[in-house]
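Given below, in the form of structure tokens, are the structures.
Look for chain A in each of the two complexes below; its partner is chain B in the first and chain C in the second.
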Partner chain A sequence: MADGFRLTRRWAALALLAPPLAVFLMFFVAPLVSLFWVSFHAPSQTELFGAELTVEHYATIFTDPFYHTIILRTLSTGGVILLLCLVLGYATAYVLAPLPQRQRLFLLLLLVVPLMVSNVVRAYGWIAILGRQGLINSLLRDTGLIDRPLLLLNSFEAVSFGLMTILLPYMVISVANALNAIDVQYREAAQSLRANPFKTFVHVTWPLSSPGVASGMLLVFLLTLSAYVTITLLGGPRMKLLVSLVFDAVGAFRWPLAAAISFVLLALALAISALILVVLRPQRVQGRG
Partner chain B sequence: MAHIVLVALAGLTYLLVLGPIVIVLITAFSPTDFFVFPPPGLSLRWFAAFFNTDSLRDAFVRSIQIALTSAFLATILGSMAALFVARRKGFLASLLQTLFLAPLIFPAIVLGLALLLFFKLIGGMPEFIGLVLAHSILGMPFVIRAVSASLLAVDPVLEEASQSLRAGPLRTFGLITLPLIWPGILSGAMFAFILSFGELNTALFLTGPGVTTLPIEIFSYLQFQGGQLVIAAASAVQVGMIAVMVVILERLVGLSRVVRSN
Partner chain C sequence: MTDPTADAGPPVDVRFTGVTKRYGKAVAVKALSLDIPRGSFFSLLGPSGCGKTTTLRLIAGFETPDEGDVFIRDRRVTETAPYRRDFAMVFQNFALFPHLTVEQNVGFGLRMSGVDRQARSRAVASALEMVKLSGFAERYPKQLSGGQQQRVAIARAIVMKPAVLLLDEPLGALDKNLREAMQVELRSLQRELGITTVFVTHDQEEALTMSDCVAVMRDGVIEQLGPPREIYERPATEFVATFLGASNMIDARVVEQGAQASLVEAPCGRFSVNGSYPQGTHLRLAIRPERIVLAGNGQDLPLPAIVRDVVYRGMTAHLFLECQGQQLLAFIQNTDQAALDWASGQTVTVALPPESLVLLDKGGAARG
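The block that comes next holds the complex of A and B.
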């Protein structure tokens, strides 16, 4: 009886795991492996990719100044977004932290719901505000401050600013969860040792909240890399980031090049994630009991 | 003084996050032909235009079909994965957990390209099924997290009691575990639906001529025909669907779970 029981449990466990694992291997792992494989092939006019193996696409990306410009622009957009998200997101979470539970959760919900709304809708909101006939231009025209509409869209600033507001809730929520997990006793201990609020923040609150800051920054940066629709709508045809080049390559049916740019994008994601983790050292908090 | 600055920054956050959505919602009820803010009155003419425009209405219906199908698949597969992974420890379990949760942070644009190429390599895939598969993969982590949270709250003693009464794994699951975790399963399903309904990055690659989703249709309108007000109505429909789902979710699992699941 005991053996039979154990056997059915083991089979039940395997039957549970097999379908989701099979779907993941087939439609997540296998496509990425084949994309990696394709990135090392020569282009072809007739097929998806040529027969011979080559590293020419990676070589192009690493040597062509055009790609350097785009990669630098991607990094600086990400940097501006991270900085603004950190300041606004941390301040917001810090203000929410001492509020009563019910009020705090409701205010957080007001930031979670926009995350569920499609990014294209939120980008459209910024077009309605910043566009030629948009809110700001019509206000300025009505008050007589300008004769001709200001060009606020299609710029580095519009993309950085618009995308920042779209991703900002992730930062607030990550930091708010981390602040909420901090035991009040730590702060009280610091105060009883006569640390002023500034010192308490620097030596107690900030280090203890660093896991939330790190996960918020990771999420914001990784989503910045992928945000093709927002970048295209607010940046226009000229303000291209790395992700736009993936689309341009696909549009030109240069599949191996598109694959190679994708993996450079992934490498960039990994490198910046590692940098964020090294600088913020969230792992030092995990030992707390 | 420092506190005033912090409160001002928090206020700015809410203005910047909610402002654009509120403006789109108000604009959708505008009676004018072009963007005027604030609108001089209220009308439903752009909602009528939305439902009378074939391409938009078709995209809306297809988005709902894809979201329902992919949420269903993600819920079945994600619940299975959660049941396997949630209460196991060790290297293999944490490796599987990492794999299953990877789509949460993986750049979806790369997955979209990889799937498009993969479907071409294996001889083609109908757009609808391709989109359902992509959205199921992206929705599964949300289901796994919601179901795992529910599972970890179930006292294992209850299941052991059932097994000591010689109920098999299936009966124990049906009689004990499932009734206790169904709010988690249902909320995971709704998160998967919401994700699919607004998803852009894989859909950009996997939609095709005649088979698009509402967000992609809105995107191509904005790109090629400018911001006509019918797009504000389409956007308002998107936001309205989400709002209804959030109210249901709040009733189902409470505010704190809704807030923490993102």
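The block that comes next holds the complex of A and C.
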């Protein structure tokens, strides 16, 4: 009886698991595997990919200085955005977390409002501010500080800053929730054990908030890697990142190259995610080392 | 506090002078003055919201008084930040750092005070030994039982060798058997170390078992302060009499004043009390249920009564008596086979021994 019941339960669990698993395998794993397969083929003018097997795309990416520049630029853009989001986001969350529930939720909601505006619209907003005829240039010109407009758009700074403002709320919400979940008793315990506010932060608050910091950083970094609209509109033809190259390769019907760049992008995402988790060790809050 | 012999006693580790703490309009602690002598186990006992936890937090510095001063070992710490005060604390839910091992938790305070690694690991090892957790240094709090976590919290506090150890209902999270075992253990550890301890609890039995001195608090004021036996046997107010175990309250009027004792009249009849009171004085008296003397009908105890109900409790029986309209509760010890042979409806006689009757303060005004 009991065994039969257990068996039934196992089948029921499998039955429940089957549909999402099938969808996952069919629409994620299978395309990914086929994309990987595509990336090792020569390009073709008529087909998706040529018949001939080759590693030339990967070879190009790893040897061509152009790709090195773009990879480095992608990493440094991601790094700057991560750093800005971490500092600004943590500081904001630190202020928000101790507020009374209603006030905190209201302010978090305010933070989310910009996310309701499309990235395209917001990128054009930045263009209106940073462009040649934009707000900043006309202000500077009117006050006589400059004679000819500064080139603010299509720059590393424009892309980093534009993306940072889009991604910051993810960091704030993630960290604010983590900080809010920390029992006050831990901080009081630290203080009762001679830890001043700074030491309390370093040894107690920071490590206990690390799960929120890690999830915030992962979100920010992965969204940076996959952002396209903001990069294209604010970066223009001069400030291209890896995603832009995928798009360009597809536009030139070089599908296998696009596939290879995608996998480099995926590898970067995995590597940096792993690095974030290794440095922050969010699992330590669970008390298992 | 005005006692002239106080200067001759042991030094005071914690002193409150006229401390008041308000939260908005609510007064949590009202003009509290208090001396806690070195080495004593001092309990703050009272129902929730009586101000006992606020008092503890005022010592720790997690709260700052609105009026008055707090001293730890003659040092005024009224506005001093918690991390600069000489205390250690065991929190209600232990508050062990989940991301640190037992060893790191216990060594945390020493590390923050800049004690070097070697001295630290020696001190941690001996503290863990004291709480019998020597083999657990590498574990994380999650991997420990409630009782073990409790010991770690105690070790983390005592390793600091603080002037005063604060315990905020530390046994509340444990089940009954473990709690009783920990009571004994904590008490003997405290004696061994001679560490001044302030213990907050709402459990009267726990306070009586562990303390040298109990302060019964109510509405931000200490109603009575004294050794457990005095608090229990000579309660000053009705609140103290009923909060610490059961008590029978009797309103009586003096009918005959004597030199040593006076005869009073109550609904249940006439009996005598110790002390000389003028005729006509109203007295509010309390007597513990276990102090009521009971005999079968026909025996010569002064007050006749009827047994309304008998509740068998094993070690004792609770007898609900009616004595001329006055309800009385009596606890009878199960000392021999016939001791608990009482039936409801039975007529009995009772006596209220004068030495067991306690005269209560009328208004329940604050003392101590």
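Just so it is clear, the second predicted complex is superposed on the first by the 261 of 289 C-alpha atoms of A that agree within 3 Å, B and C clash if a C-alpha of one lies under 4 Å from a C-alpha of the other, contacts with A are read in each partner's own complex, and residues count from 1 in each chain.
As a working rule, a residue touches a chain if its C-beta (ideal position, glycine included) is under 8 Å from a C-beta of that chain, and two chains touch if they have at least 3 such contacts.
Worth saying up front: this structure is predicted, and the values here are computed from it rather than measured.
In the superposed model, A:P169 makes contact with chain B only, not with chain C.
Residue contacts after overlaying the shared chain place A:L266 against chain B, while chain C stays out of touching range.
Within the superposed three-chain model, A:T69 lies out of touch with both chain B and chain C [touch as defined at top].
In the superposition on chain A, A:Q103 makes contact with neither chain B nor chain C. Put chain B and chain C next to each other and count what each touches on chain A; the higher total goes to B. Once the two complexes are laid over each other on the shared chain, residue contacts for A:P114 go to chain B alone; chain C is not touched.
By the touch criterion stated above, A:L222 is placed in contact with chain B alone, chain C being left untouched. In the superposition on chain A, no residue of chain A contacts both chain B and chain C.
Those residues of chain A lying in contact with chain C across their complex are 183, 185-186, 188-196, 199-200, 203-204, 207-208, 284-289.
Listed in rising order, the residues of chain A touching chain B in the complex are 5, 8-9, 12-13, 16-17, 19-21, 23-24, 27-32, 34-35, 38, 48, 87-89, 91-92, 94-96, 102, 105-106, 108-129, 131, 133-135, 138, 165, 168-170, 172-173, 177, 197, 218-219, 222, 225-226, 228-229, 232-233, 243, 246-247, 250, 255, 258-259, 262-263, 265-266, 269.
Those residues of chain C that touch chain A in the shared complex are 60-62, 81-83, 87-89, 91-93, 95-99, 108-109, 112-113, 140-143, 156-157, 160, 166. Residues of chain B that touch chain A in their complex: 2, 5-7, 9-10, 12-14, 16-21, 23-24, 27, 34-37, 76-78, 80-81, 83-84, 96, 99-100, 102-103, 105-111, 113-118, 120-121, 133-134, 136-137, 140, 163, 168-170, 194, 197-201, 204-205, 214-216, 218-219, 222-223, 227, 231-232, 235, 238-239, 242-243, 245-246, 250, 255-256, 258-260, 262.
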